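Going by the order they are written in, the chains are A, B, C and D; count residues from 1 in each one.
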Amino acid sequence: MNKKENFTWQEKLHEVIYEADTPSGKLFDVVLLVFIFLSVIFVMIESIKGLNPWIYDFLFYGEWVVTILFTIEYILRIVSIKKPSNYIFSFYGIIDFLSTIPLYLSLIFVGSGALVTVRALRLLRVFRILKISRYIGEGNKLASALKESRAKIFVFLFAVVILSLIAGTAMYIIEGEASGFTSIPISIYWCIVTLTTVGFGDIHPITPLGQFIASLIMILGYGIIAVPTGIVSAEYSKNFKKVPRVNTQSCYNCNESKHLDDAHYCHNCGYSLNVEK
Amino acid sequence: MNKKENFTWQEKLHEVIYEADTPSGKLFDVVLLVFIFLSVIFVMIESIKGLNPWIYDFLFYGEWVVTILFTIEYILRIVSIKKPSNYIFSFYGIIDFLSTIPLYLSLIFVGSGALVTVRALRLLRVFRILKISRYIGEGNKLASALKESRAKIFVFLFAVVILSLIAGTAMYIIEGEASGFTSIPISIYWCIVTLTTVGFGDIHPITPLGQFIASLIMILGYGIIAVPTGIVSAEYSKNFKKVPRVNTQSCYNCNESKHLDDAHYCHNCGYSLNVEK
Amino acid sequence: MNKKENFTWQEKLHEVIYEADTPSGKLFDVVLLVFIFLSVIFVMIESIKGLNPWIYDFLFYGEWVVTILFTIEYILRIVSIKKPSNYIFSFYGIIDFLSTIPLYLSLIFVGSGALVTVRALRLLRVFRILKISRYIGEGNKLASALKESRAKIFVFLFAVVILSLIAGTAMYIIEGEASGFTSIPISIYWCIVTLTTVGFGDIHPITPLGQFIASLIMILGYGIIAVPTGIVSAEYSKNFKKVPRVNTQSCYNCNESKHLDDAHYCHNCGYSLNVEK
Amino acid sequence: MNKKENFTWQEKLHEVIYEADTPSGKLFDVVLLVFIFLSVIFVMIESIKGLNPWIYDFLFYGEWVVTILFTIEYILRIVSIKKPSNYIFSFYGIIDFLSTIPLYLSLIFVGSGALVTVRALRLLRVFRILKISRYIGEGNKLASALKESRAKIFVFLFAVVILSLIAGTAMYIIEGEASGFTSIPISIYWCIVTLTTVGFGDIHPITPLGQFIASLIMILGYGIIAVPTGIVSAEYSKNFKKVPRVNTQSCYNCNESKHLDDAHYCHNCGYSLNVEK
């Protein structure tokens, strides 16, 4: 506490930008999220045709404002960390870079502006503002359940793919081009549409034999929907160990961000974590 | 028992209108439900075009009869309770008000008559006539399971929204306007239609790459349907504490309505509950 | 065993017709099922237009042959049982009657012949030929799980109906006739089609607001599909008591048919069960 | 080890072709899978119309090259095993034969070339290259869960079929030809499309009564989707015994292939398994 004034401006900036537990850090993240949300909305509206021309002009300038703000934020994130590579090559670092660059690219390559939708991934930062430990816990459980079921899900998906290949070819031979089954890949596409019970109806069997085979595929699809559900259900019912409460403090030195609530030093590099406190 | 004649007409009216355990209270609730059901049917039939003109006339008068009856009931509910605000701002109080007002409004604003469908919510009173304690118990279990899964469901829905944003933009870029993907919001709408396996077929991919991406989205949607099911399943398998049996007795004084079967005084304000007994 | 010749022809006929454990009884049931299956196929083929005229002639005579055989069987069932009312008003007795009568009715009322499809219910007799005790056990478990979940399922279905009423009316007001939402009942029908993720696509929203509301309905439908699944899952996971092995022996006196494998006398009326043994 | 040179060329070839644990055996399986994958892709591309003519020429020669390689492999598999009948009539033996023969048949019968898609089943060999014991374990669990639920699933499917028969006929009578319900089999097909929540939309009810019945079928279908899911879930939640680790070693003498990791002699015929080691 009494050493507060010893911290450099970089360390203080680091705490504001990378953490969400202090008032200033939380405010920064909320403002950032508002801009991310705005930029996603801008891209969506821009794709709608036939609006009043001044809207497109407004969106054009709005996107440039957001992009420049994101560029400044990106530079600040790099200068406020001891080892910039820890941020640049992290998950969020890459997303931040990909969210900033498309508009600059659109000056060179026409049409690449639509790539800014990758900014939607930045919305994942919302979890930093919410009671993070709780959602990280749930996310970990979900990830853990999926990881445990990896082999089961692989076996299951493989069965679906083999089934689609065989059934798709059968439908191609039976129905032919008149019903829209113009090639084997199209038939396989139809087969996946049917097995997953989506059923667009753009292609559908018209011969009695084709409709009979389609009925079998549908009942089969109805049956196998039970398999992944059963797997996840059973996996979820197991007991998971309690995850300890972590907060959003992030080390100035190595950028490690999952610290326990009562940690004073980074468990990764030993650097002090107490800047404001 | 011997004090029966001591109760005022308001207290007796209160028991008839607000409770469903005495013969007269049950009869009142059954008659009320019949009128609610009729009024919902009236609104539905009125929206059908091309019927015989006398039907519309009949429905017009029928709706006014029901509305006037509801108005009388609403006034009686207010006068038969000690603190009217306890009823007026309760869940049922607000629904009752919203169910009565639209037809009066339609005299001023044309077209607002369709809002009477909010009356459908009044059908929830059916639970008062059935063995209430059982259904309240089940409803509580359901609500409790959903409340416990809140964080899990939030994480899950957030993943669905982010996925729809990314995949919707990808489909917009790949398919373009020829297939009906005329803007990013429309593409996101298509993405939700597909991920939830609804599949209307009003918009569907026609390019090979679009169909390939669509197949991936469908298999993904098929897989993630397992997640909420697994969550609710696991949550339901846990043991819930037995809920004690409650009845529909409602306190004349404070309108508290969840009393134990053997309660003689309101557990909220201490007022006597034994009017008819 | 040594009393075999003491049994009357009615008692012997009873054993052949009503039981499936003796060779002659099993043969009878297999032959009967073949005829039931044939008669169902006949009705299905007859409904197809544009076939060769001799096929319709053949089906016409085939149906009459089957109907006359069913009539004879029905009479034999009545004469071979001590108290015919035990059979006539049982589940199978009513189905057998309804399966036999339509063709006779078609002589009087044109078009009632299609009602013979009720014969499909006679296919339920297939369980008598298979290892019955096993399937009765599974059927009982299923019925028991559904019975236990009765209150839960009622609450759930009620929520779906209320939701469809409200959302259907909202869509009717928002979309109007141009999109096919021509009346509130049609909108409710669309709402059920969407909530259950069937999605025919005959009606679909075209306004942005309508598509937004539709997206919310779909995600909601996707979420609530988890509820009945979770309920049945949890119900199934409970332990069920072992069901004792029963066979298809049926009492000549009272027609009670669920006897234990080692029973010698009817547990209902005390009449001897050992005819052939 | 010191007896390595005692093994015949047939025994060495057997180890390369039939096993996947030695480096040479693994290489052989990887190369084989690449060719299987290529041949499946060839068949798929060939079915697409309107490509550049040289592509069809390339595919024609490519398919013949693959077929000849498969023929050589098939012959080697037969000569390198002591009792060829052990391979020829095994699951993989039959698939390998069916994968090789169609192109030769196409020289005689035009159009039979499309049957080569049965080669897709050869992709199941991918499990031999992956950590086999793990996937065999998962596959066994899945098969075991399905086998345990056999009676339940039969009862369930039977209920779906009876329901489709009855509801299909009802819809045929109610809707008639104007809506596309041109015959009872077509109506049953529509009923399966609806019950499984696929909903193509090629046929859909247009009369109010038909839409009402359709709504009931949909809600019912929505409800019964819960049944198989619940069954598999409950079955999966049970504990399964650990499966011992097996590898892909395959006996030269009897072709038995599920040996424990530390086995030195075939547990089926006692023949030595140690060829390279």
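As a working rule, contacts are C-beta pairs under 8 Å (C-beta built on N, C-alpha and C of every residue); 3 or more make two chains touch, one makes a residue touch a chain.
Remember, it's a predicted structure, so these values are computed and weren't measured experimentally.
A.B. asks: To the nearest 5 degrees, please report the angle of the rotation taking subunit B's Cα atoms onto subunit C.
C.D. replies: Best-fit rotation on C-alpha atoms: 90 degrees.
A.B. asks: Same or different, please, for the subunit A to subunit D contact, judged on whether over half of the interface numbers appear on both copies.
C.D. replies: Answer different: the two copies use largely distinct residue numbers here.
A.B. asks: Centre to centre, using CA atoms, which chain is the farthest one from subunit A?
C.D. replies: Max centre-to-centre separation from subunit A belongs to C.
A.B. asks: Just how far, in Å, is the C-alpha centre of subunit D from the one of subunit A?
C.D. replies: Distance between chain centres: 33 Å.
A.B. asks: When the C-alpha atoms of subunit A and subunit C are each averaged to a single point, how far apart are the two points in Å?
C.D. replies: So the centre of subunit A lies 47 Å away from the centre of subunit C.
A.B. asks: Which positions in subunit D are in touch with at least two other chains?
C.D. replies: 185, 188, 197-201, 225, 229, 231, 233, 237
A.B. asks: Would you tell me which residues of subunit C are touching subunit B in their complex?
C.D. replies: 151-152, 154-156, 158, 162, 165-166, 169, 172-173, 182-185, 188, 194, 197-201, 204, 208, 211-212, 214-215, 218-219, 221-223, 225-227, 229-231, 233-234, 237
A.B. asks: Considering the complex alone, what residue numbers of subunit B touch subunit D?
C.D. replies: Contacts found on subunit B: 197-201, 229, 233.
A.B. asks: Inside the complex, what are the residues of subunit A that reach subunit B?
C.D. replies: Contacts found on subunit A: 40, 43-44, 47-49, 114, 117-118, 120-121, 123-124, 126, 134-135, 137-139, 141-142, 145, 153, 157, 160, 185-186, 188-189, 192-193, 195-202, 225, 228-229, 231-233, 235-237.
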